[in-house]
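In what follows, chain A forms one complex with chain B and a second complex with chain C.
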Partner chain A sequence: MALNFFDQFMSPTYLGIPLIALALSLPWVLFPTPSSRWLNNRLLTLQGWFINRFTQQMLLPLNLGGHKWAVLLTSMMIFLVTLKMLGLLPYTFTPTTQLSLNMGFAVPLWLATVVIGLRNQPTVALGHLLPEGTPVVLIPFLIIVETFSLLIRPLALGVRLTANLTAGHLLIQLIATAAFVLLPMMPTVAILTATVLFLLTLLEVAVAMIQAYVFVLLLTLYLQENT
Partner chain B sequence: MPTSPVKTRIPLTSFGHLITEVKRQLLGIEAPATVELTGWRKHFNTYTLQGRRNCVLVTYGALVLTAAAYMMIRRNKEEKTGAKPASP
Partner chain C sequence: MPQLNPAPWFAILIFSWLVFLTVIPPKVLGHSFTNEPTPLNVKKAKPEPWNWPWH
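Then we have the complex of A and B:
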């Protein structure tokens, strides 16, 4: 059966069993559980240091009400980074290329920030929909525009993650195929293409980490507005 | 509510806050003091939080009323169109 470039994004199944559940649970297996010892080994210490540092950085702009989200945001960041990095390995499936998964992350979390804002401080939450100092003539127009921008946030969150990863994986596959096909015909061009492929892979590693960070950072910003 | 000791960043997702800061810093336009707002402008203005909230609520209310009026007019039209063939 001839494969096309989009087969890598199909959700894998084996004998009717969806393997995406296995792909989603893999990051849990890779990270060691902290022990009850006072001094852990190097790996656990490094893991704990990174998680503490990241949480501290994430929670800087948030007040105490937003600090309850520390565990959720940090675990989301580690989960997304691990999924993306594993997806960059050859012949692996990246769950975060599925729009359904990313929307499943984005919509509930965004909705939670909106509901928290409307429940705890409805005046501030509604006041955000009209910029300060707006001319009277523009008030209805700007309220509608700000409402749309509020409603488009979960879509932007999910689609940003999906599109970045899908485009990156597709580019890697295209350039790799080009290098492979050119090797017997024009070895010099194939070597140049392989160099481009190497640089692109480095870029995709950076994009994988940055996109996960942007996802979590935007959630903290939405939370900051509503707490 | 106690806040973080670090100065809060202006959220990049809120265009309005950026406009307010630009107007204040580059153009020197300051928001009028609350005591200067009298009459209906005391409750409906774009400078105080309550004023902005009331403007938003009035806009949403107007949209809902417009949609409700449109639905009622359309239903009346459909009823009239449906009743027409029955009359001699």
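Then we have the complex of A and C:
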């Protein structure tokens, strides 16, 4: 029975069309491409405001070398937030629950920050492996630990996103099933469960936005260390 | 877990990067922002005197 609940994460195919292709390509209809007009409609103004403020906030900890990453990071944020918010609607599929997608983004971007750091300032980049003020005795051990923590970053980035979303969707489905099953037998408990479900959905909305933000933020931090 | 099914891994990866690289940046870059208005108490610099006629 528990395995049945994981079926929602199978990449669905309908009439031979992989629906994940639709889930990845159709949300951008919600973001009209701005024209060269100065005065936009409300939707464009709202999106433009969000992009502007977000980019400014994101570039605060980065020095000028990191500002080249602005488009990439903003696009990443919009990509993740849109996909996740749309995935919270009933009967939609969230592509970001697929490990392949998240790892596919986490590993190249993390690797890019590391390679940039090693190319431009190898001493500083390697120096990050040893925190200041370590006792001399602990140095070899700590370098191994820091190297390992560096290498595990892409894995953590990808899996964090996947696991948070998967767990959230699973919980929603579980509690919704519980409320639905309880409705004919114990309506009061069903109503309570429905309340829990409502609160959980609100939480999931928050988690969706936060997780996307965390992803991008960590990338900026890695970038900051290395530029 | 169905996410670990290796069959569509590569396809999902390629397709998501394709969308990420081709569709989104033009939409993001298309937004143009006006300059921040300067505050009122900024004084304009007095024009330097010049010794050639107006026109």
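The criterion applied here is as follows: the second predicted complex is superposed on the first by the 221 of 227 C-alpha atoms of A that agree within 3 Å, B and C clash if a C-alpha of one lies under 4 Å from a C-alpha of the other, contacts with A are read in each partner's own complex, and residues count from 1 in each chain.
Rule of thumb we're sticking to: a residue touches a chain if its C-beta (ideal position, glycine included) is under 8 Å from a C-beta of that chain, and two chains touch if they have at least 3 such contacts.
Being a predicted model, the structure only gives us computed values, none of them experimental.
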item: Touched partner set for A:9, first chain B, second chain C, both or neither; value: second
item: First, second, both or neither for A:21, with chain B first and chain C second; value: second
item: Touching partner for A:221 - first (chain B), second (chain C), both, neither; value: first
item: Contacts of A:139 with chain B and chain C, given as first, second, both or neither; value: first
item: Partner chain in contact with A:95 - chain B first, chain C second, else both or neither; value: second
item: Contacts of A:192 with chain B and chain C, given as first, second, both or neither; value: neither
item: First, second, both or neither for A:79, with chain B first and chain C second; value: second
item: Residues of chain A defined as touching chain C within the complex; value: 6-7, 9-11, 18, 20-21, 24-25, 28, 31-36, 38, 44, 47-48, 51-52, 71, 74-76, 78-79, 95, 97-101, 104-105, 162, 166
item: Residues on chain A engaged by chain B in the complex (per definition of touch); value: 59-65, 122-124, 126-134, 136, 139-140, 142-144, 146, 149, 153, 218, 221-222, 224-225
item: Touching residues on chain C, where the partner in the complex is chain A; value: 1-5, 8-13, 15-17, 19-20, 23-34
item: For the chain B and chain A complex, residues of the former touching the latter; value: 1-4, 6, 8-9, 11-17, 19-20, 23, 29, 31, 46-47, 49-50, 52-53, 55-57, 59-60, 62
